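I have placed the structure first, in the form of structure tokens, so that the comments after it can refer back to it.
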Amino acid sequence: MPDMAQHTEGLIDHACLIVHGPDKPGIVAAVTQLIARHGGNIVSLDQYSDDPSNGAFFQRVVFTQPELPVVMPELEADLATTLEKLGLKWTLTDLSVPKRMAILASTSDHCLLDLLWRHRRGQLPVTIPMVISNHTNTAEDVRSFGVPFFHVPAAGPDKSAAEEEIVKLLDGNVDFIVLARYMQILSDDFLQRVGVPVINIHHSFLPAFIGAAPYRKAKERGVKLIGATSHYVTQDLDEGPIIEQDVVRVTHADTAADLQQRGADVERAVLSRAVQWHAENRVIRNGNHTIVF
Amino acid sequence: MPDMAQHTEGLIDHACLIVHGPDKPGIVAAVTQLIARHGGNIVSLDQYSDDPSNGAFFQRVVFTQPELPVVMPELEADLATTLEKLGLKWTLTDLSVPKRMAILASTSDHCLLDLLWRHRRGQLPVTIPMVISNHTNTAEDVRSFGVPFFHVPAAGPDKSAAEEEIVKLLDGNVDFIVLARYMQILSDDFLQRVGVPVINIHHSFLPAFIGAAPYRKAKERGVKLIGATSHYVTQDLDEGPIIEQDVVRVTHADTAADLQQRGADVERAVLSRAVQWHAENRVIRNGNHTIVF
Amino acid sequence: MPDMAQHTEGLIDHACLIVHGPDKPGIVAAVTQLIARHGGNIVSLDQYSDDPSNGAFFQRVVFTQPELPVVMPELEADLATTLEKLGLKWTLTDLSVPKRMAILASTSDHCLLDLLWRHRRGQLPVTIPMVISNHTNTAEDVRSFGVPFFHVPAAGPDKSAAEEEIVKLLDGNVDFIVLARYMQILSDDFLQRVGVPVINIHHSFLPAFIGAAPYRKAKERGVKLIGATSHYVTQDLDEGPIIEQDVVRVTHADTAADLQQRGADVERAVLSRAVQWHAENRVIRNGNHTIVF
Amino acid sequence: MPDMAQHTEGLIDHACLIVHGPDKPGIVAAVTQLIARHGGNIVSLDQYSDDPSNGAFFQRVVFTQPELPVVMPELEADLATTLEKLGLKWTLTDLSVPKRMAILASTSDHCLLDLLWRHRRGQLPVTIPMVISNHTNTAEDVRSFGVPFFHVPAAGPDKSAAEEEIVKLLDGNVDFIVLARYMQILSDDFLQRVGVPVINIHHSFLPAFIGAAPYRKAKERGVKLIGATSHYVTQDLDEGPIIEQDVVRVTHADTAADLQQRGADVERAVLSRAVQWHAENRVIRNGNHTIVF
């Protein structure tokens, strides 16, 4: 996958540190001193406090660190000591290591192909070890991008066998999962067993038009805007933390089919932004919403 | 009100014909022939059929008609004969006669002042015979535009006396009513008695976040877009036909107060477009949605 | 190409009539009567006059006409008599016959692939008899869509041999040409010889940043919006009639490469809308601008 | 001016530090340590480097500092020592002290009134010591907001007397100047003598349609988007660093007057955002572009 390499090769010795927890004076100083102490140089730093007095604090720092893979363990030990004392949670990531992204899809190909194509252009810092679909219509396209395709049918009311098979394929192989218009509801058990973030694209502007046939409902209601929402999947279907949303303008003259077509354009744009931001460690979950740096 | 005159003085001898009903072949030909027969010249024509076979047909024609005020009665007689035969409903309007618009407001002034400004600039083809508010804070501003201000308090649980007083003020004096962030719920009885269209601005992107404290809800849900919806008021609160909607992008860093401020900007923009389109006879209601030409 | 058929199969017996010329009373009536006389039923009608007194008139009518292929000749004869008397130009199109679209491309694939995808999804009412490129990198992708790919190198300062070869490939085979980021300047002679409309996508918001390296220029100028423009190609490079434009918001933190990536997304969105509207006969050229119905 | 006070009263003991200069390791650590040393607590921190190796560095830190007015001098002394050693420029601002904004206007009132109204609502952290106009039509409106209005006519080719009078009014009384559709060209001499930033609103999307009659030009060119640009005024007219831009969609059916009206809406929205960001110390000039935090 040469394009991916191209995307992340410029990120050798680049680390991303995410910090969050209760806000208090001195956090930024402590973090930036720690980085300076190890010879790191800050490339970008974003921080946000939802309330300066006793609120929650969130920070994303990207810094260059000579010989990062070598220095990583001692950096982590230092972070553990320094940040845990302040009651803060943290994750340190080597940005030159792309995240491994699995895509689950059904018959619709607009979101799926858009992700594969952006990946090939080097726009998404991920590897794609597999696409799993409960249909076979996209197999040839997927494989033409050099990506393995697995068909896991989901017929019948009992989805547990299908979920079992998907879990086996994913287990240990992926860092996050994208539902690219995957039309099967995933069980809580499945979500717990895969144990990695799952990103969904919802075919309307949440919290409006939840459930089936959103474009028909939108047409009947005579809305003047059509939207899409990308969010993390939680046990409450369609209620997880929102990563990105967008809309397009429509008119009375658009049919329900037109709305669906315009909607597909928004869906793929919104999903691709959400995936890129997640892959770049820009999204921090906080309760039922997100901080996007 | 010199600006208003300026707006409509260019519309002397301009008529607007709205036609709607069951679609069938020959409607457009019948209408345009009828106009040509009386010496009219079509300036613009929009039409829409929600289904060419047995659907509903909608048409808006603006045409110049020499000596319109004189010719109006015979034009109407001709329309009655021709269009009622085809089972169509119609309204004919002299565009040089501005509609009379009453504004109902509470303490918030952003929508109210925006409408008054636009009117003074000659952007809204209406007269404004009165502003009615259940508060007095905007009285001086309103009167500085040369518009009468009436204070009708709405304290206490029983609003019937206040509604009675408002109905008396409006009765016979207005062609439509705009609720410019009027924070009182209007009774069905009130809506029936005023008997003219009532336009509302809803402080979010319907059908999302219906009810109280929408900006707080939006903040908690972590939405990435804030919207506003203008719609006709029906007995089902917040459920009437949508005229216009729009959104602006927000981030996690925006406080609930920021969202409210950004929301106020969208609200006044959306409401002013809805009012302008209604005043120009561009909006046709059809069940619970609108055709906007 | 089953999807294309799917797109236009619903358009059997649908005709599109474009009329334009000097405005005068009675045009709409004459046209709609003529259609009614042949048993046609109007599906949609748009008209525009740039000045009701002595301006230019433009009209697009879509109507169903039983046995259209059979009736076409007599319809055309009737139109010739009626409309030419009024000094009007017209074209009548059978909407069930898709336009033949050739795509010219270079190394960039974002616009090219987006058109091929949309076509395969049935969103563009065209056939694509060929893609011509001065590079070979997209050959495999193009052919995977079942579309012929021709490589016509354009090395060296003299492009006449290459243009000669392209003209031979196109001659008689296409109804319009799309330059999907084709990086060669076409000669006036070429444009005259192909004799069909040529649609280009310009990588910025015209008339800003004409010429080379627009994203670098935009970055240096510190713009807050990045745009794209699709227009018909004329002898004045980048100055032809605009069909569609759009922008996206950017910030100081976006690198020139980021701008280019965001720009690519706008480019493919803008080009696909321009192509769709042209293919649906929605665009009328008038001097150096367009009417888009 | 109670609303302004309301806006900034929450900012007692809030300081804003802007730092910029050559990027090198340790800047963020040095700054945040310095703030921690004086007992400050960081509320928000934004930083940007246009190139991590040898690029330019920009930072904005908002922090709370108990007894800020008392501590200010020693804070400044410490900053001088620490930052000048690193070759960095800096400014420290007490956010509870609103900037003093003068507005220059001509006959158009849309930008002027929007600023006055937003100020009254408490959305702009400024005081407005004066409005200066070369016309008198807005005098009554301006004074109804409790703001002094000065009339300085600018007839005749020699503007030096008028500029002289304006300089006298402004001298020592304002921190920045907003040209709210002020239709006089300011001399280089004027700009040097006032010695404070001047913000302009340009009635199109720069660098397109520079000069006179932009809406007519835009109409002739058939653009599909109308824009506005707010920028700092430099000696090169219309070429100064851009602060904010936006566009709205238009169609062939919009007249030049419609474009102007839609344009006025974008102008006031864009200008008000630019003014707010400048007033909040969010904009850093760097050569001919801006960093907006």
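When the chains are written out, they are named A, B, C and D in that same order, and each has its own residue count from 1.
We take it that a contact is a pair of C-beta atoms (placed from the backbone, for glycine too) under 8 Å apart; a residue touches a chain by one contact, two chains touch by 3 or more.
Note that the structure is a prediction, hence the values are computed from the model and not measured.
Shared residue numbers account for over half of those found at the interface formed by chain B and chain D, and the copies are therefore classed as meeting with the same residues. Two chain pairs, B-C and A-C, are weighed by contacting C-beta pairs, with B-C ahead. Its C-alpha atoms fitted onto chain D, chain C is found rotated by 180°, rounded in steps of 5.
For chain A, the chain whose average C-alpha position is most distant is B.
The mean-CA centres of chain C and chain D are about 42 angstrom from one another, to the nearest whole unit. Centroids of chain A and chain C (each the mean of its C-alpha atoms) stand 36 Å apart.
Among the residues of chain B, those in touch with two or more other chains are 44, 48, 253.
Contact topology of the protein chains: fully connected, every pair of chains touching. Across the complex, chain B is touched by residues 24-29, 32-33, 35-36, 39-49, 52, 64, 249 of chain C. By the touch rule above, chain B contacts chain D in their complex via residues 44, 109-110, 113, 117, 121, 123, 140-141, 144, 253, 261, 265, 269. Every residue of chain A that touches chain B in the complex is listed here, in rising order: 48, 205-209, 220-225, 227, 241-247, 251-253, 288-292.
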